[in-house]
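Taking it in order: structure first as structure tokens, then the write-up.
Here the chain labels run A, B, C, D and E in written order, and each chain numbers its own residues starting at 1.
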Amino acid sequence: MIIRPPTNWLRMLFVWDGSVLKTIVPQLLLILAISVLAVVTRGHIFGARIPLDTVPFPLVGVSLAIFLAFRNNAAYARYVEARQIWGRILIAARALTSQVINYLPEDGDGFERKLFVQRLIAFVYALTHQLRGTDPSEDLARYLSREEAEELRGMHYIPVALLDRIRLMLARAGRKRGAGEPLLWILDAQVSELAASVGGCERISNTPIPFAYGVLVHRTVYLYCFMLPFGLVADLGMATPLVCVFVAYTLFALEAIAQEISEPFGTDPNCLALNAMTRNIERSLLEQCGEEMPEQLEPCKRYNIS
Amino acid sequence: MIIRPPTNWLRMLFVWDGSVLKTIVPQLLLILAISVLAVVTRGHIFGARIPLDTVPFPLVGVSLAIFLAFRNNAAYARYVEARQIWGRILIAARALTSQVINYLPEDGDGFERKLFVQRLIAFVYALTHQLRGTDPSEDLARYLSREEAEELRGMHYIPVALLDRIRLMLARAGRKRGAGEPLLWILDAQVSELAASVGGCERISNTPIPFAYGVLVHRTVYLYCFMLPFGLVADLGMATPLVCVFVAYTLFALEAIAQEISEPFGTDPNCLALNAMTRNIERSLLEQCGEEMPEQLEPCKRYNIS
Amino acid sequence: MIIRPPTNWLRMLFVWDGSVLKTIVPQLLLILAISVLAVVTRGHIFGARIPLDTVPFPLVGVSLAIFLAFRNNAAYARYVEARQIWGRILIAARALTSQVINYLPEDGDGFERKLFVQRLIAFVYALTHQLRGTDPSEDLARYLSREEAEELRGMHYIPVALLDRIRLMLARAGRKRGAGEPLLWILDAQVSELAASVGGCERISNTPIPFAYGVLVHRTVYLYCFMLPFGLVADLGMATPLVCVFVAYTLFALEAIAQEISEPFGTDPNCLALNAMTRNIERSLLEQCGEEMPEQLEPCKRYNIS
Amino acid sequence: MIIRPPTNWLRMLFVWDGSVLKTIVPQLLLILAISVLAVVTRGHIFGARIPLDTVPFPLVGVSLAIFLAFRNNAAYARYVEARQIWGRILIAARALTSQVINYLPEDGDGFERKLFVQRLIAFVYALTHQLRGTDPSEDLARYLSREEAEELRGMHYIPVALLDRIRLMLARAGRKRGAGEPLLWILDAQVSELAASVGGCERISNTPIPFAYGVLVHRTVYLYCFMLPFGLVADLGMATPLVCVFVAYTLFALEAIAQEISEPFGTDPNCLALNAMTRNIERSLLEQCGEEMPEQLEPCKRYNIS
Amino acid sequence: MIIRPPTNWLRMLFVWDGSVLKTIVPQLLLILAISVLAVVTRGHIFGARIPLDTVPFPLVGVSLAIFLAFRNNAAYARYVEARQIWGRILIAARALTSQVINYLPEDGDGFERKLFVQRLIAFVYALTHQLRGTDPSEDLARYLSREEAEELRGMHYIPVALLDRIRLMLARAGRKRGAGEPLLWILDAQVSELAASVGGCERISNTPIPFAYGVLVHRTVYLYCFMLPFGLVADLGMATPLVCVFVAYTLFALEAIAQEISEPFGTDPNCLALNAMTRNIERSLLEQCGEEMPEQLEPCKRYNIS
């Protein structure tokens, strides 16, 4: 995720870091080349004029507007939902920590509060690594015993397994305290919330926007931009390359942003800052327990925070 | 569902598998034929010029844009909701398994955990088969006793019947454990969640988008495309077929995608991968119980996963 | 509701049953007449040319697009919400049946399971008849005793009264079983869900989309279509009637569909199939109880199902 | 709120009551005057031609469409949410009445059912009056004792105070019945639902759509309409006033409707019928208690119901 | 937030306070300068005509409309959600106060109701200050003991810490009352609601709309407006500056509003009135306890309320 301090409107026009411009430079150069070709040949290829004028472009524009708006909205909805799920993880993890500290306070009944919160933090790290497809070993080792980390390594659904272990701790505490079941329910509801978040993340991660949309948008945008210079050259003359590259920039850039945010758990600059959010949850839970907190993650020089 | 690894922007222009292009080839050929006819006759039929110019197309374009955008959004909303319901099935099935394992652990009280989870998996398979209209016998036989499978075969609402049996197991366990009703409530809430998912799936499956919309969109799109060549031929000349087929492609393709995803439980390439999701639930529940898991389903060569 | 099997793209162009075409034929004939008049007089009335060209139509088109899109979305949102509420009724009625069967199983405690489910089915019928403004007597007589049906006849909020009686049965069962209150809560939550559905249906039924929108959309659409022939005749000549009727068809049809689905509990062809859904709930509850089920309702020859 | 029986399409064109036409007549006359001036002067002022042609209008149209669509959607969302909140008040008040009647039936334990329902009805009236800024004394006097009404008069948050008193009655009943707390919870949930509705109404009432939007939409619409005659007069000649007034009507009317429904608790013709809804809740609760019901409120001659 | 009484349509055209006009004056002057330059040079720079006509503007308009509509909707959604969260804080704080007063009434069991409500109010102030990045010391000192305020000052998540202390008070009261756990649950649910609101506010505050959108919208809007004069000057002549400044005003203003409301917890004129809402919660809770209330906050002369 890009976190930049606000700049004034003039400098904003020349921002490089954090814009998607860098990912679409090759395509823009291609459009520039086609435009220059159209200007040089005055719209003729092999002596024959390409008979495109500006008439068809508004017609295609209708489809284009629908596709791009739809795709962009669908992608942003996935991004927002992913962010909301991570917000709910923070909320549920905090609630569970607060409830365990205040409602299950005696260590004498065998309930290990510290171990409980460590497993909770390990769960958040495990989910991050599952979503990014990275190796959780190092982070799990910080909060779990070596045997437990070893057991988990062979499993396919690690965050689910960690929640099962968290539930087992609650069940044991409930049984020891006797008629503790109403309390059990309060705590179980938060574990269910965490489990629902895992399912939500897996859903977003496993089910992309239907592939055919991507193909359709892509083809429409590119064909539109390839035809544009031949349509505009008669009217605009020398200004054709400028206008075509500008139009192409707006369309390619929108497609590129939508592509990035439609997979919000990725590592592109416009994806969610999973690492920073995980660290934030870790810090908040540790402060609730009165433990020392690690440093907050900060954006790098290029304003990116992963 | 099509699951393809990302390709670069150039190859994306020529993708065949996973695009809806193959389903609309006949219609596109028809438009091509009409366009060529318009070019050849210079827009005349039986010597009389078809007096269409480009004026009316933007007028129809307003209606067209509204219809297509609406239909597409409505279809996608159904697709997303269907996927969310299946996400909730995964979440509730996992929660029920975790709760049964941790909160009802003694086999001595007559509660058969293994049978419980088997019925849960059978429920998911039964729902998949009901939604796709296929025969559930084979899959049910893997997880239910022969008598139980036989009893269910004659029924009309099989997933509902399986949930009723799951509730009966909970009720019996609750009665044996005495004042176990608060616990019963925790477990019953998850069964209700599963039952709500069944109702949600039936709703999407039984209530299509109002038929009149489909007719209206279809007619508007096709009449628009049939008239287009005669409107453009005077301005575009030889380029008419290219432009008309391109415009028709964007409109027909959008209609075709919307049609497919508006019935998300079907078997078209852009429908949900019910089989893969069912297998995923099965695998996750079995791992929670420490049982062996079957293989994950993978996309076929043409990137399709059912 | 129209339920038609999918047809191919060509036959779809000529569908009559289920399209709204039949309801707007008179208006389309009027537009046809105006268009022909415009062609015959070449846009002159009493010798003076009506000085409309195509310039103002895109300007009005902006407003038109906003109005139609808004009205259509608002109408469809009502339709979808109404359908969701009926889905929730099915879900809650099934859950209540399942819970009563499994958690209140002894007939010895005076709880009459059969009477309970009969009242539940009567409730659904009473709601259907209230929403459609029809007489519930016949359907109530099938499931209620004569005295009870008589008592209800004089009341204004019959479904609410039936839910009150259902709650009374639960309260009595709860008192007989002693400390049964946690169980009472599980059951009460489902009754509350049914009561919330009644309130939701009444809300949709009593509060239309603000009337002024309908007037505004209607006037804009009709004035637009009345002026269209005089604007197009200079450019299109003989093709004017064709284009005008086509444009008018798309606009009138959209307005007509939106009108129908904005009152989803009505009996127009695009309204919800309340009768079929009621029968479906009845059948599902009876199967859960192991009773015989009546036949499912099927679409009539004209594909309509009420 | 306007409740009119459906009329046919022709009479709908000439509806006066319930349309917003009457509120925008002065502005439309101004546009008419400007248009006539433009026709008379052929677009010249002080001998110099106002050099506007139709080119800029589609450019401004883009902004205009976004502003109007956004503002209208935002306003309608407020209207719908306000209506939903009032639907929830009906649902929660009915549920509370039903639960109190069925679950707290003995008058011997000191719980006064009648007083309870009276306070509930008084609460609804108090909320209506708070939202409309009217004096609740008369309506409160019908359902509260004089002292209680007197005490409430000095308070700032009267509905909240009434809910506090309702909760106090529940708390006392709970304490008298001993371990009645699970029941208390069922009842408290409904009181919380009513309190949430109060908060929701206050939110809509206190936080308008950001003021700057209204200014921006207003200016854009009016400047657009003021410039329109000078842009169209060259092309349309004598038809200019007709077209300009028509375009202005669609834009002004949409702005006026959006303004009215964005404050749904007001008393404009398109606001919610708070009085009728309050009466409906009163009637339903009284029927549940078996008491006599006052008459339903009906629309006045001009189809308005407050 | 701007709270202005409604004015008539004419004065609304000249409103200065509360419109965003003042923030975009420099940019509008630049556009004015460019337009005048275009008029003076008749679109020539260094003797060469800038070959832009009006053709490309509708093409860019498609992208522009999508970007602006999307950005504006996304920003408004954040604003609405932020307001809803603060509405929920009011609701939960009131509910907790009401429940504590009515269900935990005896001071004899060591539960300090007054301290409880003070901590609740301190929590709301702490959240406001965290979101605005201001120093909470002064407001906390009014409701907390000096030691407690001192302890909190060193912490990073102060509202979370206050909720943990509130939960501790509930836990102690629950333990003293014995089997008070069902009651504990009612109260804990409201604390969880407050904690969820904290998480929601942090989410909106920490995760802006993806930065790349802002860059893309900004560039498109400005380049569009910079090119506009050269495109329009041939057609509009002397009217070019008027039209260009008007078009630029609508676009710049929309961008500026969207920017302000996308950070709803800021202090710009269109942000939420956090201070007034906090005071309102304070007042309502104090009235519920029968304590004296501070004055309500009122808008300043320029209609602004922070």
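By our rule, a residue touches a chain if its C-beta (ideal position, glycine included) is under 8 Å from a C-beta of that chain, and two chains touch if they have at least 3 such contacts.
In this text the structure is predicted, and so the values were computed from the model without any measurement.
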| item | value |
| --- | --- |
| Shortest contact path, subunit D to subunit E, counted in steps | 1 |
| Numbering shared by both copies at the subunit D-subunit C contact, with half separating same from different | different |
| Gap in Å, rounded to a whole number, between the CA centres of subunit B and subunit A | 24 |
| Centroid spacing, where centroids are CA-atom means, of subunit A and subunit D in whole angstrom | 38 |
| Per-residue overlap in subunit D, given as positions that touch at least 2 other chains | 58, 64-65, 69, 179, 182, 185 |
| Contact graph of the chains (line, ring, star, complete, other) | ring |
| Subunit E contact footprint on subunit D (complex, rising order) | 27, 50-53, 55-56, 58-60, 62-67, 69-70, 74, 155-157, 160-161, 163-164, 167-168, 170-171, 174, 179, 181-182, 184-185, 188, 192, 195-196, 198-200, 202-203, 207-208, 210-216, 218-220, 222-223 |
| Of subunit E, residues touching subunit D in the complex | 1-4, 9, 12-13, 15, 18-20, 54, 57-58, 61, 64-65, 68-69, 72-73, 76, 79, 83-84, 86-88, 90-91, 94-95, 98-99, 101-103, 105, 179-180, 182-183, 185-186, 228, 232, 235-239, 243, 246-247, 249-251, 253-254, 257, 260-261, 269-270, 272, 283-284, 287-288, 293, 303 |
